[in-house]
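Below is one structure; the comments refer to it alone.
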Amino acid sequence: MSAATRPFDVDAIRADFPILQRMLDPETPMIYLDGGATSQRPQQVIDAEVAYLTHDHAAVKRGAHRMAGAATDAYEDSRERLAAFLGAPSAQEIVFTKNATEALNLVARSLGDGDTSTPERLRVREGDEILVTEMEHHANLVPWQELARRTGARLRWIPMAEDFTLDLTDLDSLLTERTKVLAFTHQSNVLGTVNPVGRLVEAARAVGALTVLDAAQSAPHMPFDLAALGVDFAALSGHKMLGPTGIGALWGRYELLEAMPPFLTGGSMIETVTMEASTFAEPPARFEAGTPPISQAVGLAAACDYLDALGMEQIAAHEQALTLRAIDGLSGIDGVRIIGPAASPQRTGAVAFGVAGRHPHDVGQVLDSYGIEVRVGHHCAWPLHRRFGLHGTTRASFSVHTTDAEVDALVDGVARTVEFFGALS
Amino acid sequence: MSAATRPFDVDAIRADFPILQRMLDPETPMIYLDGGATSQRPQQVIDAEVAYLTHDHAAVKRGAHRMAGAATDAYEDSRERLAAFLGAPSAQEIVFTKNATEALNLVARSLGDGDTSTPERLRVREGDEILVTEMEHHANLVPWQELARRTGARLRWIPMAEDFTLDLTDLDSLLTERTKVLAFTHQSNVLGTVNPVGRLVEAARAVGALTVLDAAQSAPHMPFDLAALGVDFAALSGHKMLGPTGIGALWGRYELLEAMPPFLTGGSMIETVTMEASTFAEPPARFEAGTPPISQAVGLAAACDYLDALGMEQIAAHEQALTLRAIDGLSGIDGVRIIGPAASPQRTGAVAFGVAGRHPHDVGQVLDSYGIEVRVGHHCAWPLHRRFGLHGTTRASFSVHTTDAEVDALVDGVARTVEFFGALS
Amino acid sequence: MSTHLSALYTELVIEHDKRPLHAGLREPFEAEVHHVNPTCGDEITLRLHLSEDGAERIEDVSYDAVGCAMSRASASIMADLLIGHGVEEVEPVRTHFEQAIGSRGRIEGDEELIGDGVALMGAAKFPARVKCVLMPWKAYQAALVETRALRG
Amino acid sequence: MSTHLSALYTELVIEHDKRPLHAGLREPFEAEVHHVNPTCGDEITLRLHLSEDGAERIEDVSYDAVGCAMSRASASIMADLLIGHGVEEVEPVRTHFEQAIGSRGRIEGDEELIGDGVALMGAAKFPARVKCVLMPWKAYQAALVETRALRG
């Protein structure tokens, strides 16, 4: 994280995103309000990847020639860049993965794979407990269910309160001496709720549990400082932060990574290999088997540059203003219910809502006909929806390039949708 | 695989690869002979990815809006394209992974993760045997070592013969009723040796063992027809076939994939999720957790188009001619020893060699000073090198854009390297 | 209202969504299946009752569908197309319906064969909606397989 | 011959590679370590012998190095820089050497401090070779840690 170096001018920002010129059909410009699912890439990110490909591409870490040197530099510099963006103490604590999902799987698998040489706190076994929350994305739920199933550990969860925040009333009884891991999301991808990281980390530390933060929705949208957050691991995706698909990252404290068994195995993660047995390299190499997403790392570093130039404070303020505007506008429409906590300074990025008597699929379809691209369904957070008796919601999410006018178009579009179905029935 | 639609004109091909204009320093043009490690991307592949990004990018499979439809189409069409390229009976048998390494890990993990609901032949357990070969890349060795370690199965291997081919003398005793899997490479990334797939598959089938083919080095360099090969699984990497990094693929027979437990878990691979338990989608979705490498899939499809336009027969013939030319030239140099089988029509793509009394690192360094980018070391096939008493080799590998003149420069460069060190000592 | 919207939410679709035919779960039945669309969480529970005489006449299709207008209308239209006909007799209906809806609009729906089903063809251009429309048919097929297995 | 090549394979490097100083494994020693460069498979076995008097004088560094000219020369030069000096006394040598070789050529090697070590500085521009050159020093450091642990 560093100070902004360019003014936050939405028109100028929009000019950086070639896809925003896209027409859905000859009459319908695209209004992309689905950055929470995947973000668009600015020209700067595309250009950085192409520049790398047309000048420096080669295999990393495996070659002695100058091209391999250039490629390895580009890749390792990208690791440094991401580490700086996240406030990670060391670039050696950054493991590049294919997405946030792999990063979370890596931790969950590794914690189940240890043997007697692995420190106890990094081994989940029968009788242990794993604590998650009821608002998790499937990516931060199913891997822990599977870990529990494989090891015989017990999966527990922090329930939701009626106000769409975590219900921490029973935290003390949920977090016990048996809890090995507390895995939770920084920001809900559906509700926009930001969880109290400090409080959760403190409680987990008190019982000696590791903390795993799903930062897929937070790192791209707010000032983010790993050192200040105090968690043990964090996972994120490049494609949600204006970077490429095909790359994500796991951050972990070095002393933990160092004691963890590998996950994927193969080339570049070994120390020595014989037919009988192998030993493994130090982190981060230990967790990066095979040829990594090299040009994607370069693109991700360019995305960090892009975000930092705008300033994460400024981005958060921009997206927050849009969120409040959307909540304000949508709440005024008869039959529309906001699914998420009341408007607050903490609440950025996404607004989910329901239209009375209408399935989100139908709402999304009508909005799409007006050019408004929002996501519908359970947003990979099925248990959360079930908890509130919902089959799905419609979610608009905002990006650096979103304008007030687009939010107004959303509000207007939802009003027209309500009318449309009203007229039909 | 389909018939060539453009003449095999190396000059025209070279014009497609912008990086070939690269100078290593003001006097030294780059001669890239390391396509075996990673290939360069032609403009067509770069353009396809950029076109997708500037027109159709959105999250796949999760959205109902038109952009999500466009992105899903682009992604699924890429799956169809790759399936056609490989001769796969159905696109639903193609799982996109991050690289060949992940594809092989996926199979090895899944075979160890089954429970009583999993068919016996898809469960590796104590008492079972896994057969590999002594020439494997670490990517097709270490995951099997780990599977053996986790399950208590026994890892065995087909040894190398003196002539740099597999020694099949004891195949009958190596492949027993206990053998659950035979995993082997189609073509050695070091030696260029092409293994007798038909014979190995037949022998494995006779004992009911599954066959896993490492096609990372073969699929990009020869006519490749899965249906004809008869294996059960095959793995490959996009970045070795003129496509992007960050993408690879596993092909598997549908009826096997359908009966296998998932590997990575999270979004997009589930059927239903409750806090207590989840059920999983059908393949290929079951094995593609999280946001996939979407733009990379589009790039990979463009690479298939590029290769098919040139014709895989023509590519194989071109690279074979270069290989024979290199073997011929290098064998004429005093102190140079070719590490690999004698020149034969089967032997394409790569030539590894040693220079008497000289460490490959030093050989590579001197060649690099002449602009010749070759790979040195054990090439992630350490056991193979140890078997022949080698600490490492120097490997030149050839691509569609390699010219006779470049091969001659290699031969000349090696001769000068021998002289250089001769003069110094 | 843009053209494609009116092609999707035709009066017939809205009518079937509001007043679905043959809705609810009834006895008797041989097989009951439960299908879910993992993308949106839509669900259908479907029961199938065939005649006992070996002629495989579809005596009843009863169902409970939670989902969008398209999927609910599709269930309603399907039940009405199936009930009272022989399994073999409706095969061409099913096949044509699947082909047309999966054709991205290249194949027009034949009203002679699929009746009100043509009202659903607006979905053909939206792959995500095609899944909604097909879910009841997939459930029917699964129920048929189960019933046949049961009867031997 | 291009310039960077002569900067890498200096006469001194070739000389140390051909006739390495203090090569071979000798007794006595307190710690023996084995290091491998996973990229190229190069290996070094190194033994360290410190004086018994608490002054930590490096009495002997003996080693067996399999690797490229750069790594073998580096081992030879290092052993010669270390033997006969106090551990604390050679710390500035080690630190400066590591800094200079890791600097991509931005920091010139100081011959006063690192003697023949300057002959290795051609490698500074080649990250892959920096690892070769540093391997013996990493082994020395590991042996030092072990020896100290042993002595309490």
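Letters are used for the chains, namely A, B, C and D, taken in the order the chains are written, and counting of residues starts over at 1 for each.
Heads up, the rule we're going with is that a residue touches a chain if its C-beta (ideal position, glycine included) is under 8 Å from a C-beta of that chain, and two chains touch if they have at least 3 such contacts.
Because the structure is predicted, anything quoted here is derived from the model rather than measured.
Asker: Touching both chain A and chain D, which chains are there?
Answerer: B
Asker: Considering B-C alongside B-D, which chain pair is linked by more C-beta pairs in contact?
Answerer: Looking at contacts between chains, B-D has the larger number.
Asker: Could you please state the distance in Å, as a whole number, between where the Cα atoms of chain B are centred and where those of chain D are centred?
Answerer: The separation of the two C-alpha centroids amounts to 38 Å.
Asker: Please tell me the distance, in whole Å, between the geometric centres of chain C and chain D computed from their C-alpha atoms.
Answerer: 76
Asker: Starting from the mean Cα coordinates of chain B and chain C, work out the distance between those two points in Å.
Answerer: It comes to 44 Å between the two C-alpha centres.
Asker: So how far apart, in whole Å, are chain A and chain B when each is placed at the average of its C-alpha atoms?
Answerer: Computed from C-alpha means, the inter-chain centre distance equals 31 Å.
Asker: Which positions in chain C touch two or more other chains at once?
Answerer: 39-40, 126, 128-129
Asker: Give the residues of chain B touching no fewer than two other chains, as numbers and ranges.
Answerer: Where chain B meets two or more other chains at a single residue, that happens at 62-64, 66, 68, 270, 272, 361, 365, 376-377, 382.
Asker: Which of the residues in chain B come into contact with chain D in the complex?
Answerer: 25, 27-28, 359-362, 365-366, 369-370, 376-378, 382, 385, 391-392, 420, 424-425
Asker: Which of the residues in chain B end up touching chain C in this complex?
Answerer: For chain B paired with chain C, touching residues are 61-64, 66, 68-69, 72-73, 270-272, 281.
Asker: Quick one: in the complex, what on chain C touches chain A?
Answerer: These residues of chain C touch chain A: 1-2, 4-5, 8-9, 11, 14, 18, 39-42, 66-71, 126, 128-129, 132.
Asker: How about chain D: which of its residues touch chain A in the complex?
Answerer: Answer in residue numbers: 36, 38-40, 126-129.
Asker: Sort out for me which residues of chain A touch chain B in the complex.
Answerer: Interface residues on the chain A side: 18-19, 22, 24, 30, 32, 34, 37-38, 40-41, 46, 50, 53-55, 57-59, 62-68, 98-102, 104-105, 113, 134, 137-143, 145-146, 150, 155, 157, 237, 239, 244-248, 264-268, 270, 272-278, 289-296, 361, 364-365, 367-368, 372-377, 379-380, 382-383, 386.
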